[in-house]
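Each of the next two complexes has subunit A plus one other chain: subunit B in the first, subunit C in the second.
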Partner chain A sequence: MQRKRQALILLCLCVLGLAPGCWDSRELNELAITVGLGLDKSGDNVKVTTQIVNPGEVASKQGNQGNRMPFTTISSTEQTVIEALRKQTIILPRAVFTSHLRILVIGEELARDGILKVMDGLSRNREMRSDFYIIVARDAEAEDILATLTPMERISAYKMFKTLEMSAEEWAPTVDVEMDQLLHDLANPLKDTVLAGMVIEGNKEVGSEAHNLDRSKPFTSLVFSGLALFRDDKLVDWLNSQESKGYNYIMNNVDTTAGHLACPDGDGFIAMEVTHAKSSINGSVDQEGEPFIDLSFQLEENVGEAQCEMDLSDTASLERLERVATRQLEEIVRQTIAKAQRNKADIFGFGERIEDAAPREWLRLKDDWRERFAKLKVNIEVDLKVRRIGTTINPLSDRKE
Partner chain B sequence: MLDKGRIGLHQLTVLAILFTVGSSVLIAPSSLAYEAREDAWIAALLALVVGLLAVGLYNGLARLFPSATLVGMARLSLGRWLGGAVSWLYLGYFFMLSALVLRNIGDFMTTQVLPKTPIQFIHIFFLLVVVAGIRNGLEPFARAAEIFLPWVMLFFVTMVVLLPPEFHIENLQPVLGYGIKPVLRGTISLFSTPYTEVVLFLMIIPLVRKRDRSGKALLTGVLIGGLMLAIIALLSILVLGADLATKQAFPSYSLAKKISIGDFLERLEVVMAGIWFITIYFKLGLCFYASTMILGELTGASDVKPFYLPLGLSLLALSIVIYPNFAYFVTFASRVDFLYSLPFALGFPLLFWIGWLIRGRLG
Partner chain C sequence: MGMLTKLLRSWVARSTPAPSKPSEDDRARPISGRLGQDFAVIKQAFGGSVDVAGVEISLDPQGRQKIGLAYIQGLVNSAAVQDLTKESLILRASDFGDALIQSSSIAEKEALLRNLIAPIGSIARVGTIDEVLAAMLSGFAVILAEGLPCGFSTDTRKDSDRTVEEPATQSVVRGPREGFTESLETNVSLVRKRIRSPQLWLETSRIGRATQTEVGLMYLKGTADEAVIEEARRRLARIDIDGILESSYIEELIQDETATLFPTMYNTERPDVTAAGLLEGRIAIVVDGTPFVLLAPALFIQFYQSAEDYYQRFEFATLIRLLRYVCFFITLLAPALYIAITTFHQELLPSPLLFNLAAQREGIPFPAFVEALIMEVTFEILREAGVRLPKTVGQAVSIVGALVIGQSAVEAGLVSPGMVIVVAITAISNFVIPSFNMGISIRILRFVLMVIAAIFGLFGVTMGLVAIVQHLCTLRSFGVPYMSPMAPYNNADQKDTILRLPQWAMFARPRHLTRNRIRQRDARAAGPRHKD
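The block that comes next holds the complex of A and B.
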């Protein structure tokens, strides 16, 4: 009898455990896997655009069956980001799931207005991870960027993610900023930030239609272009591709890249492949209490392409190339710093370096840091070596009999 | 002695490690970074030193009152009534601590992992396992701790080994740039949790078999646990930086999210959460055990088993009402906890010592 009762109680407990169901169970077919997220200004509200993977289309091995799209973009407008995300369920049969987010696009108008407000909701969100990149839609709305169909990678958010990763590695003028880094910069009132910019080349209406991909050269494409320069949380200016490269040289982000120099004599250009680039930033304060920055660069380059007559087998001409390249690097770096100083935006974190070196002085300096940054003295030191000249010795144009 | 079980020196060390790491591994880096900024790890090491001094005090007490628990010590040194009153206060202290620890895991789960699950159910299921583990006394509990410690260490080492690609050495600068004051404030915040709570081991030491060497075993345990906390603080600063570590509610969880090796070894955070599931389990178990043992000794019961159900149910209720929201807990942990814990960690133990001296003089 006793045993029976015990068994009964145990059974009741088991049923009790099952009866309420699983509060947090979420089946795969209830989720709208969101890989791209766009934020735009819409009056006083924020327009949130999600790029959602169409599950059947991506999984099918046969590729594009019929004319269905690989992803869908949905927009909704609300006062806050979180509301807008939830509101999308009035359009979608599934709930937006953002853990697999690859890219966050911020519309230029919103960026100029300030992004601090909209970022809070995202950093507080439990579903959101921090391993996606953040970019700015240049002269465009984030919505249009996310709606554009792209070749090679069918999901355009993946395309943007990979393009950014690849171009940051091979071609210096882009930056891959992740959520954590952006939050880190936003949290510090005296450190400003940059984000990669993206433009739509071609007609944006066509870009979202299936026939955008009907020819080998798409009508509309997404292209990274320049860096958005933020002061505090507001976009104030754009760095062009030279300055973007300068920014990456300063920040030690350059892995490999290529650049050109004018030929020392005659027309044409010489392309230099940068194989190794390293920079270091040191801040300090001089005797008068004025802060200054020492920038030093170490580069190794190869000759990649020589369009002019030049004896590359001669050490002297390589040394001449080194001098030209050094001067050019200095110029690019100066130009970049000048632009940041004009905008009073410490995108390099020079303030942090001075704080590292002289924390007590920093307490005095930080009150009018923006003004000081605009006039900050920066010493540049370049150690540049041209090492190799590729698989041929003298240029093809060197056609002496 | 109420508990007939006995534990070995090694088991005492294991329990001390798990207790020290406890819930602090989840919460401490945030408040450390808030106070000490880049020097959070220095503050953690300082707190460890202070904590070890406190452990020295408890070891001294344990030698003065051989085979007496906290209740016994209080009664022997302060007399039956005053000692009894102090013991009741300790009961409240440990019971509140149990509720706070239980709520920590509930808050973590509902914020990060299971947002729609009612917090009560997380508490119920967690506490059920704790009571099941502790109801047969300390001895089987300590054996379980021995089985689980290697897993904690495995996860911990995994985290330490996989994170270096995310390190930013410059986050550590400036070292001691703003003087020692902020570091000391950080030290205080870490000292109040978990080091003041180590006083709980005065309930455990009487059960150790070779009591003459228990001091060293306890010291080793707290030392290892404290070093793990300091390493977590260091990792948080290196990976997240002082700003983000301050802003995160659970920095070590965000830390685990950052692990990404070659695009395939990632999203390990819930595996990493295994560390604190285990450590919090043992911390909660010890707190709950201490509460029931004190109650048993105070009421002169011959067996504590009847206490588990009523105490467990009260703990469930208390853990829900103990603080109304997360902001309240943050304020408590950073401002109130130190002053609140100080009498229990240092005040009363010193009083016991003085009481013992006076009694020695008189009798």
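The block that comes next holds the complex of A and C.
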């Protein structure tokens, strides 16, 4: 009896070793490491483009760097995204591995059509992390963007990822939206969203050829330009660079940036570096039951470049600068809000603020919120200080005399 | 593990022949008192070996009283035997000699002979032939007298011991350079030199039917736990084996748990480590013929501590200890984690690292597990060869090893450079573990974890670690939990576990080892006087 039981336990252990086997083990050289994913509309189907790293070309090891490309782009078309991804194995010798995805590019046509359907497969996929950025190919197909070769960062998905990260930090007019934030916004029926747009500058055919990089100034480059404004899951409009900046000011996304003002006297411009920016959005409902938004900004700026004639050693002129800068900020913000209101897309989440402030009223307001948003009253209050003027005092043009 | 032990035991029981009954010859034979006959019996007992010498000396011209000297040539110091013969010449002329000749009663004869040879020193009475044989085998000369049914053994042992040298294992930068030798006496004296206390007790016994190896049980009376001493005594007494050639024989025979990879007794070549162990309340088992002394009870953490921890400043010692624990995890887990992450959990790697590793793996014909196995086995081969080969050839092996493991295997496309780094760091980390036998345990477990990692990934590695911890927690060394003072947790003993606090903060002995815990009464007393 005892021996029988021992034998049984041993047998179980052996089977345990064999049964799960190594069913999901994959060696590193069996993976097609996908860093960029593109979605385009192709008739009724979706065209999925993957940007796959050629590790041998990218690794730090010297030598054996032939004329091969740092990455390969492959497209396949199917009814669903997941099918298309798996279908790529008819071209590739390896399975698509998406855990290291850095960027998801959505073609403009598909974006105008609505992205809700295609996002489902990606959010369901257990292999994918949710920390990649999502951008929209402006006037272009995602496939062409992913195929373009870029200097410095040899893998273009990385180039886009890092450029977006950098520019969101140093230059206000872009947004870095990650997968989970987008899904969150899409799931909220009253909040709309924006995504960074990317254009191909130059000839898109040349961009994917090796000689694109044979010149110190590439023939074709990838450049971020404006923000795609979504109503629900559909692209409806583009914010230009001023409006994009306005959007970021409102959303408290700006840490540092730079902007210019027209000189108070005479022509020329004066560049202001924003060193600190903070915004707060407060929603409320007035006596008549009308909702309104209070926006307040706190900014600190430095004089970065002065091309005009003015005496910067005088505090009075700095105060003038502050007034001009305040006026300009108000204008940018108004312009941005106006565009969003025109498109009836609450990209700022004003609705949520009003719900926070007046949950009871909100029950009444939310049914026709889009219409109300278009007419929403927004009060703007700006507290702007010019702190420093840099390592010199008066403009160079002044000192000529 | 319990099941494994049972299996082992049942297998042993089946394959062991029933012990034969002791033959007539094994029983104690008396000394007849007739020299000629006794010598004949002795010679016969050794099968007529030529190195057995029996000398008869007559004390008077008539040959009325003869005394005999029996010894084994080569085991005795010939100068000492010569001295003995000279003594007997003096005896011829002395009154003692006459008295011996004239005395008639056996008791009187014995007393006379004892008085006579007392100045020689270290005399012991032997009553049976077997005792005579045992004494002779230890290098003693046995003095017999005609008409006396007993004899006396005197110490004529040859001092063939090697001198005290620096120990080859467990070397330190700062600390004593003395190491144990193969002689029990020297080893005991080396410890006594460090603990000059009458409380240091030594009990010796002979173990091994054929080898009659002297085994000493040493402890600090009043500090060591009486229960542990009693247990050790009992276990030593139960040993019934033909020979003990090294302390490992004892270790394997008396350890608590046989079916474990982990050592539950500590061995050391260093008298200072032994002394420290005794002072903490451990017992030491000294075996004649080997420089390795056993210490028990042994705890898991003990194997990660070095004598040097106490000879360097405590901050440094603590950092080095932490480093050792890190190395423990590296040497146990590095190849397993590498396999698990590169074959199951590629998403855990930073992307640039993934690209690099993937690029290295291009063109490697084996799966990561096989690759790791090849490298690990190659390394183990080289290491084993390095240990066995003569020192002069050893260098050649290390050159070949460096080339084979490093450059060539990569260039030949057998393994990836990343794997070489993993194996190298694993190997180096293993050498950081101060105790060689713990290092072996980890080496074996590393292979087990590699297999698990190749099948189940990180999940399997985690389960493997859980199993190891569970096993460790079931172990005991002479009744003391192996993982103490971590499991069961004991706050006071943390002072010398992962950390090594300064000496003034360590005023109590480990709780699990002794009840007599006071080490320093006033920890601050030795410091500078504080102004009141």
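Convention: the second predicted complex is superposed on the first by the 380 of 401 C-alpha atoms of A that agree within 3 Å, B and C clash if a C-alpha of one lies under 4 Å from a C-alpha of the other, contacts with A are read in each partner's own complex, and residues count from 1 in each chain.
Everything below uses one rule, namely that a contact is a pair of C-beta atoms (placed from the backbone, for glycine too) under 8 Å apart; a residue touches a chain by one contact, two chains touch by 3 or more.
What you see is a predicted model, and the numbers here were worked out from it, not measured in a lab.
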Three-chain arrangement built on subunit A, subunit B and subunit C clash or fit: fit
Subunit C versus subunit B, contacts on subunit A by residue: C
Subunit B versus subunit C as contact partner of A:214, first or second or both or neither: neither
Touching partner for A:188 - first (subunit B), second (subunit C), both, neither: first
Touched partner set for A:126, first subunit B, second subunit C, both or neither: first
Partner chain(s) touched by A:267 [first = subunit B, second = subunit C, both, neither]: neither
Contacts of A:286 with subunit B and subunit C, given as first, second, both or neither: neither
Once both complexes are placed on the shared chain, angle at subunit A toward subunit B and subunit C, C-alpha, multiple of 10 degrees: 50
First, second, both or neither for A:357, with subunit B first and subunit C second: first
Contacts of A:33 with subunit B and subunit C, given as first, second, both or neither: second
Partner chain(s) touched by A:24 [first = subunit B, second = subunit C, both, neither]: both
Where subunit B and subunit C come nearest after superposition, their Cα distance in Å: 5
Touching both subunit B and subunit C, residues of subunit A: 20, 24, 129
Sites on subunit C touched by subunit A in the complex: 3, 7, 342-344, 346-347, 351, 354-364, 367-368, 454-457
Subunit A partner contacts - residues on subunit B that touch it in the complex: 111-118, 121, 170, 173-174, 177-178, 240-241, 243-244, 247, 254, 257-258, 260, 266
Complex contacts: residues of subunit A adjacent to subunit B: 20, 23-24, 123, 126, 129-131, 180, 183-184, 187-188, 352, 355-357, 359-360
Subunit C-touching residues of subunit A, taken from the complex the two chains share: 6, 9, 17, 20-22, 24-29, 31, 33, 35, 53, 55-56, 58-61, 97, 99-100, 102, 127, 129, 158
